[in-house]
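In the two complexes below, chain A is the common chain; its partner is chain B in one and chain C in the other.
What follows is the complex of A and B.
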């Protein structure tokens, strides 16, 4: 148990203290957005499956998603999905197509472009969703 | 006098194992998931919106074999990609072979159970006839 806690602490402090700038931040963002999306996905599969297993429950599940905090969470979820996708494509390109681009300079520039592109794709979606949120207050 | 023999050629490329295959499939599925998930999110979250979604909407969607196939693909690829990602992240925190093997089994079983729950719903469709009028 003590070794487990020591191992958790070593890994987590490494995540935080490592000073890899853009590469480090995109690694962290990729993991956070991925795990966040997975958490929602697991819940989402089960709540949608109620239409078959327990149809009377589905309305209640959807009612929760219509609450303002969940609508805000949904806007965040869309950012996670967009960032994880754009950054994933960058990793796939650098791994499978052009491994020579795994240099610090290229990677830093690519990481900045990835974030900029993700925000650009996310803003119109966030705008539409936020407008819907306000309309249903 | 002895002559120096040339060192034997060493093959540094390891044989592909399970992790190599998993690594590759994270990338293959990633390429597929970008259009698959983005189209799903654009339609359901942005264009239609959760305020316009109810059980009849789901019933209507899954009455269409095209959307059923789409959602089966979505379920199969997103959740497998995500659960394998979780496995990889968890390996950062658990170094012993035993802990990793146990974690892999737990994640695999969770993946299997939740995938079954979801797949049955997509194939069986929304059972609106069970609702009281």
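What follows is the complex of A and C.
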């Protein structure tokens, strides 16, 4: 147990305090967006399951999803899915297709492009969803 | 220039059981001074109890890997001007047990290194009975990974290693790569089997901190990817 806590402390301290470059931050963003998507999927599976055994609870859950904080969260969720997907494709390409691209220059540029592309893909969806959010206010 | 040197301190034998930081303001620091020079100055003129490892002091022995202003460097290679700051914080490398001040227990690191048989294995008798010949291309195949000095700057910058110290780590994989792709060696299969285990290459999450931290500029993430390829394809050419 003590080892586990020490290991967790080292990990978190490294994640937060280590001054890495693009790779470190894209690794962190990949983790956060992955965990964010996983959390949503877990909640979504549970709330969808309620439609079979407690339909009124399901309706209540759907009503909660239409509240502004949840609509805002959904905009974030779309970013999580897009970034995790695009960055995943970058890693697969660099690691499995072209390992020679793991140079400092190429990797830094690829990590920046991945973020830029993700934001570019996310913006139209975010715009439409934000309009829906404003309509609910 | 004036520089504030902030150093991590821990010495349970002298009652400093809780990690803390000591600071010294150093005058007349030259921008081309190395961080190791500052540490030597503090040890020589301010506090003789300050402990850190150093040996050759010229970037060859790999003794003085430290976390300097948040990232791993060799203290003997990084210049004050490279850090772009008048406050320099020096801490021990992460993921290995701190024994005293900046000294960590390197044994788990070397144990992992030994696990991949970092020596040439060959039962074949050379054709002329003397030398195992190799073409320039065959030698070039693993040239990059021969440069490792085992400083642990890569392994201790790796998020996967912070999370689980049993992960073999980048330095071990680099040293396995050096022999796996050596045309004279005959134990590539055994090494690939070791690295295909749970704590092997598949723990690499390509965070790239290792390549950024390597003082010898080895393309570590590329070497790890090549080992992954060798495992999946069985090809070590």
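Methods note: the second predicted complex is superposed on the first by the 136 of 137 C-alpha atoms of A that agree within 3 Å, B and C clash if a C-alpha of one lies under 4 Å from a C-alpha of the other, contacts with A are read in each partner's own complex, and residues count from 1 in each chain.
Definition applied: contacts are C-beta pairs under 8 Å (C-beta built on N, C-alpha and C of every residue); 3 or more make two chains touch, one makes a residue touch a chain.
Remember, predicted model here, so these are calculated numbers, not experimental data.
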{"item": "Contacts of A:95 with chain B and chain C, given as first, second, both or neither", "value": "both"}
{"item": "Touched partner set for A:125, first chain B, second chain C, both or neither", "value": "first"}
{"item": "Partner chain in contact with A:55 - chain B first, chain C second, else both or neither", "value": "first"}
{"item": "Which of chain B and chain C A:82 touches, first, second, both or neither", "value": "first"}
{"item": "Touched partner set for A:17, first chain B, second chain C, both or neither", "value": "second"}
{"item": "Touching partner for A:45 - first (chain B), second (chain C), both, neither", "value": "first"}
{"item": "Partner chain in contact with A:107 - chain B first, chain C second, else both or neither", "value": "second"}
{"item": "First, second, both or neither for A:117, with chain B first and chain C second", "value": "neither"}
{"item": "Chain C versus chain B, contacts on chain A by residue", "value": "B"}
{"item": "Common interface positions of chain A, toward chain B and toward chain C", "value": "7, 11, 91, 95-96"}
{"item": "Complex contact set, residues of chain C against chain A", "value": "67, 69-71, 94-95, 157, 159, 162-165, 205-209, 211-212, 219, 221-222, 225-226, 228-229"}
{"item": "Residue numbers on chain A that touch chain B, as the complex places them", "value": "4, 7-8, 11, 31, 34-35, 37-38, 41-42, 45-46, 48-53, 55-56, 58-59, 62, 65-66, 71, 74, 77-78, 81-82, 85, 88-89, 91-92, 95-96, 125, 128-129, 132, 136"}
{"item": "Residues on chain A engaged by chain C in the complex (per definition of touch)", "value": "7, 10-11, 13-15, 17-24, 27, 91, 94-96, 99-100, 102-104, 107"}
{"item": "Contact footprint of chain A on chain B as seen in their complex", "value": "27, 30-31, 33-34, 37-38, 41-42, 45-46, 49-51, 53-55, 58-59, 75, 78-79, 82-83, 85-86, 89, 92-95, 99, 114-115, 117-118, 120-121, 124-128, 130-132"}
